[in-house]
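Here subunit A shows up in two complexes: once beside subunit B, once beside subunit C.
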Partner chain A sequence: MTEMNERKPLLEVKNLKTYFHSNGNTVKAVDDVSFEVYQGETLGIVGESGCGKSITCMSLARLVETPPGKYEGGEILLEGEDMLKISDARMREIRGNKISYIFQEPMTSLNPVFRIGMQIEEVLMLHQGLSKEEAHARAIEALDMVRIPNPERIVNEYPFALSGGMRQRVMIAMALACSPKILVADEPTTALDVTIQAQVLDLMNDLKKKIDTSILFITHDLSVIAEMADRVMVMYAGKVVELADVETIFGNPLHPYTRGLISSRPDMSTSSTRLNVIPGNVPDLSDLPVGCAFQSRCGVVCDKCRQGTAELVEVEPGHFVRCFVTGGKKE
Partner chain B sequence: MTTEDKNLIEVRHLKKYFPIKGGVFSRKIGDVKAVDDVSFNIRKGKVMGLVGESGCGKSTTGRTMLKLLDPTAGEMVYDGVDIYKLSNAELKKYRTKMQIVFQDPYSSLNPRLPVYDIIGEAMLEHKVVANREEMMNRVFELMDKCGLFPEQAGRYPHQFSGGQRQRICIARALAVNPEFVVCDEAVSALDVSIQSQIINLLKDLQEDMGLTYLFISHDLSVVKFISDDVGVMYLGEIVEIGSKEQIFTHFAHPYTEALLSAAPSFDPTKRNNANRIILQGDLPSPSNPPSGCRFHTRCPFATDKCSQEVPPNVEIESGHFVRCHYAMERAEKRTSKQ
Partner chain C sequence: MKNYLIRRILQIIPVFLGILFILFFIISKAPGSITDNIMDPRMTPEMRAALQEKLDPNLPFYVKFWNWIVEALHGNFGFSNQHYKPVVDVIGANIGCTFALALTAMILSMLIGIPAGIVSATRQYSAVDNVLTVFSLAGLAFPTFFLGLLLLKVFAIDLRWFPIFGLSNATLAHAPFLTRLGDMAYHLILPAIVLGLAETASFMRYTRSSMLEVIRSDYIRTARAKGLNEKVVIYKHAFRNAMIPIVTLLGFRIPGLISGALMTETVFSLPGVGKLSVEAVNTRNYPLLLGINAMLTMTTLIATLVADVLYAVVDPRIRYD
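After this line comes the complex of A and B, so read on.
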């Protein structure tokens, strides 16, 4: 971790705030989120639905629809360039080129009326100025790289002819066509079966080594995080509640929410008769309580939690926690 | 699977085919063999888990068992009676004994009914209660049991969160005092922290009321947690079935082994497991399953025999059946390794 900290981060997000305004309500989907991504690492972002993990990542390439969304503040520095300040034309040059995305639903992310090859070629022709023929050859290479059998044939197929796992590979091929600096994978295997998920995760790890891309891996599935991530960021109700390397998150989680998440999963290796439970429900983002958003579900809540929000404190090198009770500095 | 426990349910050679229609006159040109000759027993008061990937026929099995889908062939013996042979009027009596909880709590509740009608409707229909007053009392009691606030009985489904809706679905299933409940991916659509609440609720209810479950899920860790017996399905067939220990520690079918090793480990120090089997390719189409053993196209241990001969269903230990030519050898190899 220490050598990583000396390196200059590839992506720096500082105090990002993405809010949604509708019907006089303000939903703070992303509220003061800061993190860094280093060259070649995989940062896992974990949380339940509505915690802001997807909106954080969509904000990186300004994919959030405005309105109703609004970037209320903060900076997103990719190699020194602030994504929130650049022109739309420059943003289009970066999307799909320096930052690219893989989404959960491989069926709806591909255009059903264009051939697979055409959709990959478009990216290459647009960003790298290749001719149609060059792009076609590169598209076949890209499909071959993601281990699609008979790429020469598949390149001329339409998306409906492929299975879910194959479509997700096409998405990966397309996302990696321009060797992006950052690949954002938003629940890329959630819609896939477990044996297909194993294939896709294996492929992503392989490709990451080959082209040295940083990956932002968003998922609600902690076991996938354990498999893929170098560092993990846990989000709750729009805020980062804990950030540490993956061994620390699973070995020594400090925030009560992280602890609850980890202990509430039925683990394959242990057998117990009851599961630990986080009581209650995820709070409504447009109606958050004063103080800590987790207070109503927390087992160690104190008066301080009901009055103010804790800061994200570095309790040991590289391990950040946002909690009054468990986030004290270690002596 | 010990013999002293009484079987509540015996499924015998169950088949469910869906016709494929094509051509000018929409004639039948083939079948999707969603469930093809499936047999198993569920002991009274126990939980049978059914795992497999999408399209393997696990949900179709559950729905055909309750006759929500008409079976193509086979028997479903409930407490000694084959319910497929009953007339509709006779079947209605059995409907109260068998209930189902679906995956999606958003689409399985009528948005125009208040919660008390959703839960209470079946009670009146099946005359479990005599009048509306009695119905309301029972609705309140059930809501309380399922972790809902009885004072919210007048609300509509959209006013509840996903986890609460699943509690409503469970309360509805329990309204007619069933003995047997099919949980079809009942926790798959829920958030992690809510999932554990619902699993605990299902488990508590099962113990309190002595219910028997068929628990259908693609999530191995959930199935391992809740089940007593487990069946593994692949392309419409049960490839391996046995007690929880037999399936999770003494598994003999290569597909079970692949499925278990494909599930990501919860421990980051155990990643890059060298023994992991990553299956090649996708699930073949159930309308045209491979010859011989249906798994041979993806099996890392397949031989020529596997592509030609249909494997027998071998009982390698008491109650532990494996559909594989090499089941015995694989099981022996494991014991010698240990």
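After this line comes the complex of A and C, so read on.
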């Protein structure tokens, strides 16, 4: 993956901080997160619930509601434009056009009272200035592209007439209608059956090649990441703890949290009946301990971890780790 | 849809008869009789008994109920002794006023309540929202008769901006139609405000809570992620969904408005059905009371039917077949 790093990134996130303020508490949902996404690659973001992966992605198009959320700092550069500085009107031109989203819940992500066609046409008319008729024809094409049978009929249906898998295909069709630069997929298959899940993932991989879009793929399912991602970013308590290409993450995970995640996958090759787990829970983001946020669950914790937070260090080319114990080896 | 409508209309018949039966039962147990208010000093007890026998014979209520139905099917809904007119004519002469009042109040309350509710929801906990919330709670809590008297005192008696009572100015009886219509609207302003205030408040509360629920849903996030501007997100994507429960409210408020008109009409001395029914109770005019209640029952049943049909219009997930 080193050849990718030589290219200029499509999206650069630098020191992004998205905090939530409520009742005097500050929750640092995204705390100093930096990463790049290159043209045509899929960056997977993994982490437990509440680790800040969704908020990171929502921040990219300023979709976090403010208040209670607040962008405290950093830059989000998409083709050189800082998403945190542009006007609301410019932001709306980019949403659905350059950055598109697919969300986790296909059952509730489509507006129940509008026809599917209308919901796709809306994006096309808004961003591409198409007429109603042109947009309608393009909506049928878009549905056909996501392999929905009978697109001419489905285009006039309401969302309630479709299954979850079909609705997620509609969401994909809608998100890709304007051939976005970046598709943000926030756990797009979590709510689907396993067989449907595989179909939807295949479809996304095919379409990614076809329209040459980059994908930011959020999931907590490591097997999905292995199938989809080129590079993987592991997040814990609002921070990036490890970032590397997918082979390295699975072959040589360095951060204790990444190791924990990988070893807690069910392993069919051994006869072990018990699943490995990471003990404990994600800490309360409004009440983080001094030092490393993972210290209470970590097997290799040392005194240093309880005093300060490690920096994200590049231990080998393209492999970044934030850990005093395992991350500093090659320095 | 057609089958549903036929079935629904047929359902109205037993419900209507059931309610009428209960009405007959209650009225038969009510004290006083139809001759109580005939105060002729020359009338002997025998004459009174004979008159009672003629006007309202002493029969069990279910027999009266049956007789009423048979007569009603022949187009005879009873005779109002006070007015020396059939009940239908008496109600007919008064119903226009009530409908005009209820309709004006309804339209006013929707035009004010729904947009206010949307504003309140989109700026939750802001100063505007707090002011509107206080206003709506006050509107719900304020007794109609008191507000009516207050407005009369201030705007009709002290300031002389509005007429004190009635629906029309007698000097304009032969004026052109539009002038008379304008005059009626002028007379209806204060009563419509009084009747509409509580309605406005409840429309506002319903719209606010319905919008708040919708605004937090996933498809609104989708709409925003598509790049739609906030006005389209709120007024198209959110409001179309928030409207669904409001339509139900609409169906239930129509009968409420008509019965609410009772108090307002009494305060403003408007010649409407509400005032008529108060008179009918006071004078033990049971045929008239029955007629009015039968009419109100029918209006309620039809209004709920209309609400059900509207429900299917605004929500594509509801299909009747």
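Odds and ends about this structure:
Simple rule for what comes next: the second predicted complex is superposed on the first by the 323 of 331 C-alpha atoms of A that agree within 3 Å, B and C clash if a C-alpha of one lies under 4 Å from a C-alpha of the other, contacts with A are read in each partner's own complex, and residues count from 1 in each chain.
Basically, a residue touches a chain if its C-beta (ideal position, glycine included) is under 8 Å from a C-beta of that chain, and two chains touch if they have at least 3 such contacts.
Quick caveat, the model's predicted, so the values are computed rather than measured.
Following the overlay on subunit A, a side-by-side fit with no clash is recorded for the pair subunit B and subunit C.
When the two structures are aligned on the shared chain, A:Tyr101 is found in touch with subunit C, with no touch to subunit B. In the superposition on chain A, no contact is made by A:Val234 with either subunit B or subunit C. Contacts of A:Glu93 after superposition on the shared chain: subunit C is touched, whereas subunit B is not.
In the superposed model, A:Met166 lies in contact with subunit B only, and not with subunit C. In the superposition on chain A, A:Leu110 makes contact with subunit C only, while subunit B stays out of contact range. The partner of subunit A that touches more of its residues, comparing subunit B with subunit C, is B. Across the superposed structures, the minimum distance from subunit B to subunit C, using CA atoms, reads 7 Å.
Residue overlap on subunit A between the subunit B contacts of one complex and the subunit C contacts of the other is empty.
Only residues 61, 63, 89, 92-97, 100-101, 103, 105, 108-114, 122-123, 126-127, 158, 160, 171, 174 of subunit A touch subunit C when the two sit together in their complex. Of all residues in subunit A, those touching subunit B in their complex are 48-49, 163, 165-166, 193-199, 201-202, 220-224, 226-227, 229, 246-247, 250, 260-261, 264-269, 271, 274-279, 281-282.
Residues of subunit C that touch subunit A in their complex: 217-219, 221-229, 237, 240-241, 244, 314-317. Subunit B meets subunit A in the complex at residues 53-54, 161, 163-164, 191-197, 199-200, 203, 218, 220-222, 224-225, 248, 258-269, 271, 276, 278-280, 282-283.
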